Structures are given as structure tokens and as C-alpha cells.
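Structure incoming, see below.
For reference, chains read A, B, C, D and E in written order, and residue numbers begin at 1 within each chain.
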Amino acid sequence: MSHAITRLPDEQIAPLIAHYDAAVRARRRHTLIVFGVIAVCIVLAAWMGEVKPSVFFAHADRLPNYFWSITPVLHWDTLGADLSEWYWNLDHWLKLLVDTIMIAYLGTLIGAIGGFCLCFLASANLVKSPFIRLAARRFLEFCRTVPELVFALLFVVAFGLGPLPGVLALAIHTMGALGKLFAEVVENIDMKPVEGATASGASWLTTVRFAVVPQVLSNFASYGLLRFEINVREASIMGFVGAGGIGQDLVEAIRKFYYSDVSAILLLIIAAVMIIDLVTEQVRHRLLGFGAQR
Amino acid sequence: AQDWKAKYPELVFAIIPAENASGVTERFQPLMDYLSKQLGTKVTLRIANDYAAVIEGQRAGNIHIASYGPSSFARALMTGAKIDAFAIEVNLDGTKGYHSVLYVKADSPYKSIEDLKGKNLCLVDPNSTSGNNVPRFALNKMGLKPDEFFGKVVYAGSHENAVIAVQQGTCDAAFNWWNDEQESNLKRMERKGMAKYDDFRIIYKSDLIVNSPYAYLSDMPSDLKAKIRDAFFSIQQNDKGAFDKIYEGKQQPWQPIDNEAYVQIIELNKFVDDLRKKKN
Amino acid sequence: MSRARIHLSGAERARLAAAHPHLVSPPAGTRVRTGAVIAVLAGLAAFGFWQLGFNFSRLGSGIAQLAHFVTLMMPPDPGTQLPLYMHALGETLAIAFLGTLGGAVIAFPFGFLAAKNVIPNIFAHFAVRRVLDTVRGVDQLIWALIYVTVVGLGPFAGILAIATASFAELGKLFSEAVEALDRKPVEGVVSTGGSPVEAVRFGMLPQVLPVLASQLLYYFESNARQSTIVGIVGAGGLGLHLAEQIRVLEWQKVSFLILMMLIMVAVIDFISSRLRFAIIGKSRIG
Amino acid sequence: MLVIEGLTRRFGDKEAVSNVNLAIGQGAFVGVIGRSGAGKSTLLRMVNRLQDPSSGRISFDGRDVTALKGHALRQWRAEAAMIFQQFNLVGRLDVLTNVLMGRLATVPAWRALTKSWSADDRAIALSALDQFDIAPLAAQRADSLSGGQQQRVAIARALAQEPALILADEPIASLDPRNTKIVMDALLRINKHFGITVLCNLHSLDLARTYCDRLVGMAQGRVVFDGAPAALTEQVAHDLYGLEAGEVMDMPARRPVAANDGIPEAAALA
Amino acid sequence: MLVIEGLTRRFGDKEAVSNVNLAIGQGAFVGVIGRSGAGKSTLLRMVNRLQDPSSGRISFDGRDVTALKGHALRQWRAEAAMIFQQFNLVGRLDVLTNVLMGRLATVPAWRALTKSWSADDRAIALSALDQFDIAPLAAQRADSLSGGQQQRVAIARALAQEPALILADEPIASLDPRNTKIVMDALLRINKHFGITVLCNLHSLDLARTYCDRLVGMAQGRVVFDGAPAALTEQVAHDLYGLEAGEVMDMPARRPVAANDGIPEAAALA
């Protein structure tokens, strides 16, 4: 009993295959066109961007050089002394690291609250009025398009030096970026609960509160956490407005070629990124109910 | 003897836009065309926003000629880049440098640095020659420890920010760059409607800081280097337009220079480097 | 007219209260938890304000200053530099495009390698994630410097630096998308005798592709906006001009450049939402 | 008394519901039957005002429902409780909160937004759950329940609205036979106990015959049958469904006679 | 001949399946019944080796299935085709490709990964679809089909595996009554026509009685009943489900006697 299927005679198969192939061919043509366009874009961009792979491969051996040069020499027998020499400024750097994280935290928090409030107004499935929706969308777009640099500069002039302009600039950018992502999440929700709430007489606000927020909260949190990590790194470029943070010291070390400082600070930042990644991964998995999924 | 042409089919000329420069591409392109013609090799202009990139590029031999700020050139020498300064910018009055000045508000009572004890001081950023290194060096010479003498020492982030900080009262005094009565950061801010020149008063002016040099790789063939120098110093005769385009008539022709002239700046950098580990 | 009024007698109330005490009287548990989370978030914020030495007194007077600044920006005007800016725009787009694409191509396999449901081995998972963390943790300026030593100044170095940065971020995002996949189709493929590679190819790939595509498009947009790395290593993208014009206080040019970026992003946004829709396709359910 | 006059709804060119006239008395259990696409859901959704009519009028106890707006509309929706095929619960909220959502129209906004329900509302929600034997599940997440339990939660939510009318849109289509019985019994109980009108879309003729006092048959947006279940002959069913009557009836009660009969394609095979 | 000896599977402390012994002859249609959580799914998944047994042995025609690995394991999975409650199709792939998944175990990897299926494989897949009247849908995306159609695609995929054994895990639980009939008839047809053994988890006793030759009842991981459908008395059903027998049976044929009987809580309500 080897066969579980009675094969149709070829005459009968042929038209079925033909029909299938015709349908697939249309789709494939579509795909080919897309790939064709992408290929053309690549060629154009490579020309514009002066891409020379041969140069890259000819000198690829220089890739690790920088890392070699910043690696300090540690001797086993004087390890303690060498380490404390390497991390001579640890207290200060740790304080800067905390500053950086706080700047990122405040920026993320304020931005996320703003994005949270605006994203519902920007969602096509919740707001019928195209005017409100477009206004919200354009505003979010504006917030994330104008570079942080510009905002930071304006705020420095307005609010004076210190971390405030940095935090505000980060917050505005975060609001724009998160607002867009949040709105996309909201547009992908299951509308059945929304209908359920509406049908029982809930107002717009309560519908959002009960039928939408519970559905999106975990996604929002995971986007927010991701943004936090990005902002921790971004907060470093806020240094130029006097916002301080570890990034400023790192850039100074790079520019003044204090090699051992570069590696010391770099390791601190990498450690911070790893810790944040580990923590956010845990939180995300808990939110996704990853453990429960079997 | 021109076998270097095979080895250098293209020369890269790197520029870091100075603090007060705009339209760098437009202004330097004629110079590239001129050099290409004079050297018979294509000279490509690259503008980098960070001199660390230029220094690394020169160390790797990817950048053949570069213009530097004085401090960053000194830094390049200190990190072992094999480069030689060969030309220096000259001001209209024939001097070859600029100054770091200390501004206070015109209506404030401060007359000298001593009056500023316990007040807030704005520096520019830790990398700025006129906005940080020279001031610290000078204060040190006066026997003052900035972090003890002043109430607070703040990095403003840019020369403009430093001026604004004084205007707003965040700082009582700020260091800034200053060429002469005609050209300084404050003058430029006045032209843009951001500050009034007469609102401020200078209470200290530093020694001359040597102007920016042009430097090339030491390992290049000597006849190539000679050709480059020739091209630079004969530009006034061969292509005055190209030169004027760069400085808009605010500078005299380049003059020869060598690394010797920057020893003092290297000293300055070393002084600042030493400060760092003592500071905390 | 009758409505289904639910009148509860005292006895009935008492019975319910006795049977479900934790429900009739407000449940403290979740409320306390929510309250605690909010308190912690707010407390951290307060600590942040204190740690950073915030000065709120300026907030009010600053707004007026801000308005003055905005007037300096009006109207947007490129001066004589429009052609230059257009060229910069093209360069920015080219760099962002290749950088994002290059990063995504490398990130693609990592997305699977770093996903727990593809490589269940904890050590492998841990190692791959930490590699991505490290690459993300190394400052962009450093990547830029490294590529300058390899390929010299120019847009190519910018592309490589952007590709590296995008690789690490997209790798993380991809892996999270893969972890959030629906397990059922994968099981369907395995149950027919498909190999693990085939399970990934047929069970996972079609599911993640739309998600990856939308993240890719978002990164393209974001890379086009942030051309800091590009400026550092000597490609004259829009960001470089912007920084320059800010430095020389040409506010009208600044606002013109911002306007250009706004339009660029709006166009990218429009095209990418079209593309995303085409990739996701119209699925009729129910 | 629910009165529907000349009710029509167009989607583009298509009339999903055309010129429906119905008068439904207090306390009736009315089944709406018909093929897929006949317009059953659209009819019910218009009564709750989830969809607006293109023309026509709905009135309830003399009040014009079609003209309502804002607060009054929300009050009406609370009165006309809707039960959906897919339950339309919020899966991530607990069962009690889902039921409490039935009270939203009567609760001040600040209370709702902060979830500080009054003790009264809680007691009502809990007693609604208790009536369907699922009060012990009150603290669980709604999506952790089985289909039948979820639908009972949805009915409890409807009950918490203290409705004057229940609109049930194929409430048992996603349920297995056992849960079907539980849910239909629950609806019947509400109908009899409170004397509340129930308007219920059903796919299954057998069920409609079992539970309803009156059947309304729809085809292509029109009402083509309106009468007691007994009046629904095989012939009418045939017209309604345009199919062999046997096909619309539910599962066969016995095993297909001979296996081979079950394979009409057998001839085409090998 | 499928032989299961002492099969046990533990999750943590819990024995989902404990010491199950069964011998199932060629061509049987066996229904596995039992409450939710009884271990039905786990049993079937172990046979396909989607889950590994904690102890015990499964053998098929003398071959030890429990010991298989790598290529041989994949071959076995192809032989023991699985049909899932949620269909487990790849929604974004077209129907034909989904059916071709059934050929993966016999197709060289490069062919599969590049989707260059041989003409033979395509013909087989199309024939399988054609048997369930859905060959014209071959080019559509799987997630654009209705539930009943999707389950038929899943069965076609199983057939394309040319299996010796079909394992169906509640194949009709997400389907409406009409599609239920279509799908169960399809399984029956395969069973009778090709003589392929079918092992099918079912919730509904009526269905199990209608279609199966033999029923296996499970409770708390153990087999508590094994015999012909006729031997399944009300009493056994009671034991199996731990409930009133009436409750596990399907829909009542007639209307509940008196509505008030359905409202035991009536007294408690005002």
C-alpha cells in the first residue's frame, strides 16, 4: 500500500498546472520587477556612494588595527596595578554613565508618554476624521525628522546649558519615532474587542482604555525598551550641548588619542548595553508570554 | 623620474571645516583643480567633520595632504603620524596666528581675571585650542587652578554657546576665539543678529596661537613634495582666483613652515594631557 | 419598558461577597503592583532630574527665546547652494540605501541565529546576542575611524559604518521578530518530515519577511535622516551641510535643509508604506 | 417594542439589507436565519448602530433610534446589548473587567479610566457571572478560557448592561456542540426570566427551531419568511438556502450508510 | 500495525501520558476521546515524534519508531502524517506549495529550498487537492481560504506525504458543522479507499460513534476504555468525562422542557 493518492491522468493535470503556473507567473513577474528596481537602485547608489569593494578587500587586514592599538598592555604579575592604571578614572566614568542613562531614561519616558498620547489620534482604525489623523501624523513626522542636533541647539539657546536641552531634544525625537511605531501597532490590533466595547456603549476614551490599550501595551513596552537602549547610545552625542554624559569623555579620548581610555570607556558602554539588552529581553519575553507559548 | 604618478594615481586632500568656515566644498574646489593641473595627478577633495578621522586616515596613508587646526596637527604629530607641515596661513596684517580672549558683559564690574574668583567660567569644549587648551595653559601660568578658583567651570559646547551663556548669565565670563578687531566669533554673531558686539568686553587676551598648517605625508617622493610646495607658493601668480576663493581676500598668501613651529602647541597639548589625570 | 435590572438583595450580596471575597472588595494585588511600577518609574524620573541638576526656572522665559529663533529661520532660503544641496540629498539617499541594505543582508542570518526558537542552545544564543551587543556598544565614531583606515575618506567609509551600525540593530530586531513567530506552521512543516533548514525556509521565512521588510524600510528612513557618521568620514550628506550651516548661523539655510529633509522623509514614508502593503499583501480572512 | 421600517443599507452598489420591515414585541425570542451574505449581521449591527442605515428607521418603544448621537447613542447601545460570534472580549483583561465593561455607559469617565469600579458595579458583574457558573473564573484572563466559557462571559457582559434588548450575531458559530447548548440555554434563560427581547442570528435551522418563538428568514437583504417555526416547511427552507434541504440541516445522526457512498469521486479515481 | 508499549510522557511532575499500551491494526479508524488535558494530543504528537516519550516504545510494522534519528526520523514523520486542529498551514504561501510541503522528506534539499519541484511532485499535490475539490484554489494564499478549505488543504498535504498512517489531532474543532462533515467524510474516504490507518482525537462522542471502528478513551493520561463504539455505554462516558452523561452528549433534539428548569438561580434573583 505504497500510494495514498490516485494520480490524475495527465490530461486532467495539465490544465490545472497551467492555471496554477499562470497565476504564479503573474506573481513572479511582480517579484522580478521589484528585484530589478532594487538592483538598479543598488547600482546607482554604488556609483553615487563611490563603492570600491576591491579597495576594501585589499586593506581589510587593517580592520582590527584600531582595536589592537586601543588594547592596553596588562601584565599578569602586576595585574592589579595595571588594571587600576587602566581604569584610573572609574568613579568619574561611572557617574557619567549614570548621567547618560538618566538622560536617556528621561528622554525616553517623556517621549514615550507623548507618543502614547498621540498614537491613538494617528491611527486610521480609531479616528475617522482624516484631518485629526493627518495632523497627528505630520506632527510626529516633524518631530522625528528634524535632527536632534537642531532641537538641542534651539533648546540650548532657549533654556540655557545643562542636560535639559539634551533631554528635551531626545524626548521630541523619541516621541516622533515611538508615536509612529505605536500607531502602526494600534492599526494592527484585533478590532473585535473595540466593537465589543463600542456596542456596549463605551465612549471613545473608554474604548481606547479598555479595548485598545490592553492589546498594545506589551508591544508598546517592547518598543519603548528598545528605544531606551538606542537613546542610551544617542545620549552621548548630546554632549555638545553641555549635556555631559559618558559619550563626551569617549569622544574626547578618541580625539586626543588616549587609547587606553578609549578601550576602558568602550568596555563600560558595552557592558551597559549588554546589561540593558539582557534586562529588556527578560521583560520582553515576559510580556510576550514567551514561556507560556509551547 | 615621475614614477610616483603610477603609485599615486589619485591624491586625497582632506579638510576639516574650521570653526568659522562655511561652504568649504565651493571654496576649496578651485584649489583642487589648480593642484591637479600643476601636479598632473587627480587631486580629490574630502571634507571630514572630525579630525580624528583625518589623523587616522593619514596614519593609514589614505590621505596625502590635509589642512589641520594647529592643535589637531600637533595631536597628529604626537600620535606618530608621519607628516610634515609645509605651508601656513598668514593674516592680512602679516601675523601668523590668532588669540584666545575672555569676554565678560560690558556692564559687569569685572576688570581682570582676578575679579572672577568664585564666579562661573565657560570654556568651549575640551578639544578647542582657543576655547580650552590655551585658557587652561594661561591660567596655570598665572598660578590659578580653574576648578578651585572659579565657582564652576562649564563646557558650553561651542563658541556661540559660550557667548550666549554669558548673555544669559549662566556664566560670568567665557573664552572665545578672536583674530583682530575685524574678525572674531562675536563679530560674526553680531552680523547674524544673535548678539551685540558692544554688550561684551574683553578682559584678557592670550599670546599668539600659531595659525593652521597644511601637511603632507613624509613618505611621499621628494620631487612630488617639492611640486606640491611649488604649487602652493606660486598660486598667487598662477591662479589668484583659486586662492581668493578660499579666503575671500582676508588672508595673505601661504608661507612655508615646518613642524618646528608647532613644538609649542605640542607642549600645550602635553600640558592639557597631564592635567587630565590630576584633575580628579 | 423593561430592562434586565439586576437588583441584588442583601442576602445575595453577602453570599457573593462570601464566595468571592477578593473580587467584591477591590483587589489590592494588581492595583498595588501597577501603583508600584508607576511609582518606580516616577521615582527614577525624579532621581534623574535631581542627578542631572535640572533647572526648571528657565523653562518659561526660554519659550520667548525659542520664538525669536524661529523667526530668524523664516523664510527658508537655500541661497545659491540649491544644486549642492540636491547633490547632497542624492548622496545621503545612496549612502542610507546601501548602508541599510548591506547591514540587513548580514543581519538576516544573525536574526535567525540569535532567536531562541531557532537555536535553542542557550550558549549559542547568548554568544550571538552578546556579539550584537558589542557591535552596538562600539561608538559609531569608532567604526567610522576604522573604515577610514581601510578605505580612506569618502562616502564608501560612511556606507560601511552605517552598515555596521544597522547590522547590529537590525540583527537584534530581526531576532525578536523571529522569536515572536507563530509556531504552528513550523510544526506543520516538521511533522511532514521537513529538515530544520526546510522548517526555517518554509515555516518561518514567509512569516517574518513582511516584518523584516517593514523594519528595513524604517531603518532606511532613519539612516537617511541621521547622517552624522557620514559627515565624520567625509561624505557631504545633508547632515554635514546642516551641521555646517548651524555652525555659521545661517538660520534660513538651516530651515531650508530641514524642509528638504521633511520632504525626503515624507516621500520615503509614502513609498515604504506602499511597498509594505504590497509585501504583506491583501489577505482575506473570514 | 422594536419597530423597523423600510430599513436599507447599501455598500457601494450592493444592497446588503433592503427595505426590511419588522415589528418585534416585548419578550420575543426571534431567530434570524438565511445564507451567508443574506444581510443578517448587517441588520443586527444597524439596530445597535454599529453601522448606520442608508435609509429607513428603527424605533424602540417609540424612541427614534436612528437619530441618536453622542451620549444618547451610547445609552442606546447599552440598552441594546450585542453578542458576537467571536465573543469580542478583550483577551488580555480579566473576566470581571470584561463584564464590567458592560457598565461603561453608566459609569463616570474618571472611574472607568482608573478602573475604580464601585462596589455596586462589581457586585452586579459578579452576579451576572455567577448566573452562568463562571464566577470562580472572574480573575482569569479572558483569553485563557475555552470558547464556551468566553461566550458566557460575553453574555454576562451583555447582562451587566441591563439591556432592554439582546442582539446575538451567530453566538454559537465558533462553539462545539456542547458549548452550543450551554450558550443557547443561557440566552433562553435571560429571555424567559427577564422577559427581554432576543434577536438572534443563526446558521442552524435545527437550533432555530428548538429555541425560537418566531423566525425571520432573509435572502439577499430581504425578509422572505416571517412566522412561527412550525411554518417553516422543507420547501421554505429550500427557497431560503437555495440548496438541498438536507444540506442545511445539521450533522447526520447516523454513520453514512456505506463507506463507498461517501466517495462520489470514487469513479474518477484509479 | 502500530504498537505502543508502556508509553509515558512527563512534563515536570505531571504525567501527561502514562503507560499507554495499544496495538492498532492496518486500516483501522480509531477515535481517541477524553476530556481536555487527558493526554490525547501528547499521545499523537509522540507517535509523530513531535514530542519525545519519557519512556516506552512505539513501533510500526516491526520498526522501532522511538529510536529513530536524523534522516530516518524525517522519513518516519513523512509516513505518519499529522493533521492539526489549527491546520498549521503556512498562511503566506500558496495552497499548492503548502501541499508540496508533504513531499519534503522525499525531495532533495536543493530542490525544496529553491522551490523547483519536479513535475511529478506537482502532479501528486494537485491530484491530492483535486480529491477535495480545491484544485482550482491551488494558486491562492492559504490564509485567504475558509477554515474548512484550509483543513482540506492540510489533509491534502498529509496525503501528499503518501502516509502509512494518519494522525488527526481534533481536526474539526475549529470548524462549523458543515465543514465538520466535509472533513470527517474526507478522512473516512481515505481510510476506506486506501486502507490507511487513521488515529483521530475527537471531542464529540457523537462524531466518534459515527465515524470510528474503535474508540480509545483516555483520562488523566491513561487508557480507560478501548473497544467498539457500541461498547461505549452512558456509564463509561460518565466515567470518562466525570460528568453527567447528558452533558457530554451532543445537542438535544428537542427544546428544553420548561424554561424555568433551566434557571436554578432564579430564586436568588430579585
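To be clear about the criterion, a residue touches a chain if its C-beta (ideal position, glycine included) is under 8 Å from a C-beta of that chain, and two chains touch if they have at least 3 such contacts.
Keep in mind that this is a model prediction, so the values were computed, not measured.
A.B. asks: Which chains make contact with subunit A and with subunit C at once?
C.D. replies: Common contact partners of subunit A and subunit C, which must touch each of the two, are B, D, E.
A.B. asks: Under the touch criterion given at the top, what is the topological distance in steps from subunit B to subunit D?
C.D. replies: 2
A.B. asks: Which neighbours do subunit A and subunit B have in common?
C.D. replies: C
A.B. asks: From the mean C-alpha coordinate of subunit D to that of subunit E, what's the distance rounded to whole Å?
C.D. replies: 31
A.B. asks: Go ahead and note the Å separation of the Cα centroids belonging to subunit A and subunit D.
C.D. replies: 44
A.B. asks: Between subunit B and subunit C, tell me the centre distance in angstrom, where each centre is the average of that chain's C-alpha atoms.
C.D. replies: So the centre of subunit B lies 38 Å away from the centre of subunit C.
A.B. asks: Could you work out how far the Cα centre of subunit B sits from that of subunit E, in whole Å?
C.D. replies: Each chain reduced to its C-alpha mean, subunit B and subunit E end up 79 Å apart.
A.B. asks: Mind pulling the residue numbers of subunit E that touch at least two other chains?
C.D. replies: Answer for subunit E, listing residues that touch two or more other chains: 131, 161, 268-269.
A.B. asks: Residues of subunit B that contact two or more other chains, please.
C.D. replies: Touching at least two other chains: 50, 52, 56, 60, 158.
A.B. asks: Quick check on subunit C: which residues sit in contact with 2+ other chains?
C.D. replies: Residues 5-6, 8, 12, 141, 145, 149-152, 154, 243 of subunit C touch two or more partner chains.
A.B. asks: Tell me, which parts of subunit A touch subunit C in their complex?
C.D. replies: 34, 41-42, 44-52, 55-56, 59-60, 62-63, 65-66, 98-99, 102-103, 105-106, 109, 141-142, 144-147, 149-150, 153-155, 157-160, 162-164, 167, 177, 181, 184, 222, 226, 229-230, 233, 236-237, 247, 250-251, 254, 262, 266, 269-274, 277, 281, 284-285, 288, 290, 293
A.B. asks: Please give the residue numbers of subunit C that touch subunit E in the complex, ascending.
C.D. replies: Against subunit E, the touching part of subunit C is residues 5-9, 12, 15, 184-185, 187-195, 197-198, 201-203, 206-207, 209-210, 281, 283-285.
A.B. asks: Using the touch rule from the top, collect the residues of subunit C that touch subunit A in their complex.
C.D. replies: Interface residues on subunit C, with respect to subunit A: 41, 44-45, 47-49, 51-55, 58-59, 62-63, 65-66, 69, 90-91, 93-95, 97-98, 101, 116, 129-130, 133-134, 136-139, 141-142, 145-146, 149-152, 154-156, 158-160, 169, 172-173, 176, 179-180, 183, 214, 218, 222, 225-226, 228, 235, 239, 242-243, 246, 254, 258, 261-262, 265-266, 269, 278.
A.B. asks: Write out the stretch or stretches of subunit B touching subunit C in their complex.
C.D. replies: That would be residues 12, 14, 17, 19-26, 46-50, 52-54, 56-57, 59-60, 62-63, 158, 160, 188-189, 192-194 of subunit B.
A.B. asks: Over in the complex, which subunit D residues touch subunit C? Could you list them?
C.D. replies: 26, 61, 79, 96, 116-117, 119, 122-124, 126-128, 130, 135-136, 138-139, 159-160, 162-164, 190, 194-196
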